[in-house]
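Please read through the structure below; I'll follow up with questions.
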Amino acid sequence: MNPRLLPFLATVVIFVVAYVICWLQFPAMLSTRVIGNLLTDGAFLGIVAVGMTFVILSGGIDLSVGSVIAFSGVFVAVMLRDTGIHPVPVFVLLLAITTAFGAAMGLIIHVLQMPPFIVTLAGMFLARGMAYVLSVDSIPIAHPFYDWVQTAYWLMPGKGRLTLIGATMLAVFVAGILLAHRTRFGANVFALGGGVQTARLMGVPVGRTTVLIYALSGLLAGLSGIVFSFYTSAGYSLATVGVELDAIAAVVIGGTLLTGGSGFVAGTLIGVLIMGLIQTYITFDGTLSSWWTKIIIGALLLAFIVLQKALLDITAKRASAREAG
Amino acid sequence: MSESQALLRTEGLTKTFPGTRALDAVDFDLRAGEVHALLGENGAGKSTLIKCLTGAYRRDAGEILLEGAPIDPRDTQDALALGIGTVYQEVNLLPNLSVAENLLLGRQPRRVGLVRRRAMNDRARAMLARYGLSIDVTRNLDAYSVAIQQIVAIARAVSMSGRVLILDEPTASLDRDEVAMLFDVVRGLRDNGLGIIFISHFLDQVFEIADRVTVLRNGRLVGVHDIGGLDRLRLVNLMLGRELAEETRETGRGGIDYDAAPRLRFSGTGRRGAIAPFDLDVHRGEVIGVAGLLGSGRTETAELMFGAAPMDCGSVTSEGRPLRLASPRDAIGAGFGFSPEDRKTSGIIGDMSVRENIVLALQARQGWLRRVPMRRQRELADDFIKRLDIRTSDAEKPIGELSGGNQQKALLARWLATNPEFLILDEPTRGIDVGAHAEIIRMIEELCASGMSLLVISAELDELVAYSHRVIVVRDRVHVAELVGEAITTDAIVKAIARPAAEAGENAR
Amino acid sequence: QTVGFSQIGSESGWRAAETTVTRQEAEKRGIDLKFADAQQKQENQIKAIRSFVAQGVDAILLAPVVATGWDAVLQEAKEAEIPVILLDRMVDSDKDLYLTAVGSDLVHEGEVAGKWLVDEVGDRECNVVELQGTTGSSPAIDRKKGFEQAIADASNIKIVRSQTGDFTRAKGKEVMESFLKAEGGDTICALYAHNDDMAVGAIQAIKEAGLKPGSDILVVSIDAVPDIFQAMAAGEANATVELTPNMAGPAFDALAKYQADGTEPPKFIQTESKLYTQADDPMKVYEEKKSQGY
Amino acid sequence: MNGGAARLLRRIAPQLVTLAVILATIGFVFPGFFNIAFANERLYGSPIDILNRGAPVALLAIGMTLVIATRGIDLSVGAVMAICGAIAASAITAGYGLPLTLLMALGAGIACGLWNGLLVAVLGIQPIVATLILMVAGRGIAQLITEGAILTFNDAGLAYVGSGSFAALPMPAVLWLSVGVAVALLVRRTALGMLIEAVGVNRRASSLAGVSSRLLLITVYAISGLCAALAGIIVAADIRGADANNAGLFLELDAILAVVVGGTSLLGGRFSIIASLIGAMIIQSVNTGILVAGFPPEFNLVIKACIVLAILVLQSPALYGAAILLRRTS
């Protein structure tokens, strides 16, 4: 087996074990309802985390996504409220805007050689600020198209729902996996993560790839914003604060190195599911106070990361021992 | 040398860095179907010249003509598109990608936009087979030694060069066999009409493969010569601009009292998966050479002895007292020093100045509280810059901006500054020019005369023969033979490397 | 029986008190309360409600972080025949989707505060500085609106500066400091803060600037948390509008009636927005309130 | 010595110019900005406010600079502020007396830093994730101490740390200035600074050269924790209460921003504490400027984003390179 796959496998093993533990404690956790919820509730996070995976693989970071999601919701809501345009063209316009926004950040990062952390931090302020400027109120969305999308789900046996947005996330993951691991663009992303200077010397189009990566992240943040607007039927400028950190955590739990150059899009899906599992577990438990909730989330995050590391170290040791023997 | 013959030409190429004029109006021409060696001391501007050719640097002035037409590569992609393939001095591949991906990055075989993995791996295997390498191409590049990475880099560059192939010190970490293999490939390409630029500090190799040489000194063109009209001495004079006293070794190889108690005794030390347990005594004033093929476990031996890779069996004594070697700090505390093989990732602190790099080990040993006074730091740095002839505009220049060979010298200085009792040098002369090479060998001998013990790993057997009192031969991660005194000859070493283990054992000592 | 409670988070002392009181009320009635803290995120609240539905609780209490976006998940709860009661904030979903809402009218709170100021200053010219809540949050929007409505007819009262203090004491103090610098302390006649915490911070800023809060600058705010009563007792704050943390009591009562015989409660059970001034024996109220987990 | 001063000046010149431009702009928009008065034995005025209000970010930036120099990042500082503020408030109300209270709060900060350092240096967890854990859990711990409420206290001694004055300056300003000077001297008079830089640029090579990189990393996070603790005490003392929910919220981002505006690379290596401190003052000037300017608060973020972008563009190495090129060609 290829040792490159180890971090991913470790994540999967941990997820399965964790789920089994949850199920032993709360048998209701293994219902299609919970599984459907994990997918639906994780949808917007999952989509944005795919974009984040690309960014992190390239050695960058995108702090703007949470704000872009909020901006997208507000933008869609305002457009639907103030103009008679059908949602679909509004979506297209929005995706164009967020993609351009991402591309612009990528361009600044590349041309001005500024650290992504800071550029996207400014982007985070800007996108949230633009959302405020559009509207500080939360704006409900009422449109037949939204009603239709919300009722478009497949009722799994056991009353669980596989919703359209959950399915969208899965589709985005499939596309992301192909793009990252099976295209030249994907290889270039990994190359940037391995070292920008070296990648440049090897003929990787550094500028174009950087711009494309952040554009992709912007695009997916926009898409995630649309999904979020379906999820809540509203646009709200204060929504999704801190989602960028959730996305980063999901990516890292999924076995991608924050230093770039190594990781898996599929691992991110597991990361998102693990984050959802933690939430669900805490709700099922239902006895934790606000503060204990935070402490337990932190402790579980730590546990996952330490376990993953331990698992990797053990397998690495085994492998070297086998080679020697 | 008519105009039509020139495949690649530069006219008045100039490149300035803050504080240095790396290239000063250099004219250079490369013909189709020749191997053209580019020679010069460390810091002469060779790497800079080729980086200007490939667009990695933007030149300040001058023309570049490819087949008579001016070209202006803005980045390396342009150069690749023009059919100029390059192996840069430091291995410039991506450690986090698989070998196959490194070989075919940007040219992966595709079907409907998706990379065909299997086809890619097959192609990669085929590419490496030419160099006698059959490794798992799906593993990450960083699973392999520097030498293998070097070969992969060469394979990649060769496959991308339609018209020109540039090799910047490709043989620095290769063994004879690999070098021979590489030269076969290069000759084949030359016969197919490619122009090849070859940079090396191994003059033997230059004489073996080159058709013409261009010599640079301090960023200026010194001359262009056909190899036929040159001898070694002449070439060295051209490069250095002065006479180099050919070192005549006295046969003072004795003088080590093997009956006295050794300074250090490694008994049964080893590490699973890295190097089999071995015994080794280190005596005062002794130079121990370590020879072996690529990946045989030489570096592992050194890292183990320095505590960089903890041993899992055996014990060490120093002057009869037990010594704990769990980390480099322990080793340094016991008076060890270690100059690692991969200077880019394990040696230099790129963003920091030459001065800081030189005092680093000394400072680390003194502890953070007792700062080496600035005056002393400057003295040390200036002293070593002078003694080792490190070419830098001043001691405050970031070491990353020095030429490769000069970085190596600064690393040596780092350890000499700590005045160690036992110094381990892994490939200390890699990428160092002839002048400095002689200087370093003289220094090794001086150091030993003053009582320091040395363990030197080198792929250059001549060099090992020149200064070793004893040579350890490593094969397949086992110390298989030990040659002492007059028994040390190039032939003997080659034989020990090649001979099966059982026989080699008999010959030890 | 089991009731799920999806709380916004614990961003303020008032919110912590609401959680404490809800727990106490549930315990009093022998209800098993499943508590879920959403850390200020709507998506977490939606997740929590979904998990409550998946667990099959008997009823759900929801303190919504924002008014919009609840239709789908409330619909799901309805389909699973689990009654939902809203606490302290409203949603703009269809009224069929929840059993009832217990809360105060945020606009009204602002009006009460504004009216008090109008009465207090009479015909005097009065420049007011306003400390807003977190930009975009519904209390900030509504309390601003209510206050503006109340002072709309009093042409002598003007809001001269308005900036967000994020509902926090520290920001309240910092922003007040800048107000005092920008306007000059003696031209400001009153401070209106969207919550007491910001007012408490601002009072310190006023004191440090060498002015007397409560007399040089009138201070009116909303929530009625214990600390503001201390300030009132010291004469440093003038009035506060109470937002009771006991929303769960009426909610559980309505729920019990509904479950017993299907009595539909009114769709909105409004709690009182009581005005407290220095005349109301602030120290006594302080002692009463101290035990409520603020 | 003189050469050193000149080098320092050259290093911080861009930050100084930026600060001057921003202050001048505010002064232009709001003419009373530079008025400074003397009352109650201390100075008053907007510039003093900047020094005073900038204290938490400045303190955080000191520790953050060192952490970033090792190629790390510390997201937990905001939460650590909350923890230490809460500890200080509860200790003083429990009657432990000022010295013990301060000791406990500062000790807690160091403990938090050691925890981060352990995760990063010993377990080898990536800094951003390692500190994310404490960022999430730490606020919970702080709330656990205060039980979600604002823990008010009335101890004049502790309040003095936040709102007292010393030598005509507000106490927080005095504190960050002296901690800044102390840490700057500590790292530059000893070899600490150089070793930190070495570890940040190339940890493997530094270890091989005998630098105890593990210990250094832990030390650096501990210093960061200590600075955060002091910032937390100041914030709590300022409002005479520990607000576990909001103390230090999102301040880690401002601190990182200050370090970057100060010209230290997020990729580790060369750092300057003085430049970071000027960076903190730049950020506080922007914040204070926005407050006195009187725009509607909806625009705060957009304005801040634009100013930050402008600063970064002006300080970007690429632009700097282009400027040199221009000068040379002309």
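To keep things simple, chains are lettered A, B, C and D as they appear, and every chain counts its residues starting from 1.
Everything that follows uses one rule, which is that contacts are C-beta pairs under 8 Å (C-beta built on N, C-alpha and C of every residue); 3 or more make two chains touch, one makes a residue touch a chain.
Just so you know, these numbers come straight off a predicted model, no measurement behind them.
Visitor: So which has more C-beta pairs touching, A-B or A-D?
Guide: Result: the pair with more contacts is A-D.
Visitor: Among all chains, whose Cα centre is located farthest from the one for chain A?
Guide: For chain A, the chain whose C-alpha mean is farthest off is B.
Visitor: Centroid from C-alpha atoms only, then distance chain A to chain C, rounded to Å. What do you get?
Guide: 34
Visitor: Take the average of all CA coordinates in chain A, do the same for chain B, and state the distance between these two points in whole angstrom.
Guide: 44
Visitor: Give, as an integer number of Å, the spacing between the C-alpha centres of chain C and chain B.
Guide: 71
Visitor: Going by the touch rule set out above, which residues of chain B reach two or more other chains?
Guide: In chain B, no residue touches two or more other chains.
Visitor: Specify, in ascending order, the residues of chain C that touch 2 or more different other chains.
Guide: In chain C, 10, 16, 19, 135 touch at least two other chains.
Visitor: Which parts of chain A, given as residue numbers and ranges, touch two or more other chains?
Guide: Residues 132, 136, 289-291, 293-294 of chain A each touch two or more of the other chains.
Visitor: Sort out which chains touch which and give me every pair.
Guide: A-B, A-C, A-D, B-D, C-D
Visitor: Tell me, which parts of chain A touch chain C in their complex?
Guide: 26, 28, 31, 33-34, 37, 40-41, 44-45, 132, 136-141, 150, 228, 231-242, 276, 279-280, 282-284, 286-291, 293-294
Visitor: Spell out the residues on chain B that touch chain A in their complex, using ranges where they run on.
Guide: Checking each residue of chain B against chain A gives 56, 75-77, 80, 86, 88, 92-98, 101-102, 105-106, 108, 110, 113-115, 117, 138-140, 143, 156, 160, 272-274.
Visitor: Show which residues of chain D lie in contact with chain C when the two form their complex.
Guide: Where chain D meets chain C, its residues are 30, 32, 39-40, 44-46, 49, 53, 143, 147-150, 152, 163, 235, 238-241, 243, 245-247, 288, 291-292, 294, 296-298, 300.
Visitor: Taking the complex as given, what residues does chain C use to touch chain A?
Guide: 4, 7, 9-10, 16, 19, 33-37, 39-44, 46-48, 50-56, 66-72, 92, 134-138, 141
Visitor: Given the complex with chain D, which residues does chain B contribute to the contact?
Guide: The contact residues of chain B facing chain D are 306, 308, 327-329, 332, 338, 340, 345-352, 356, 360-361, 363-372, 414.
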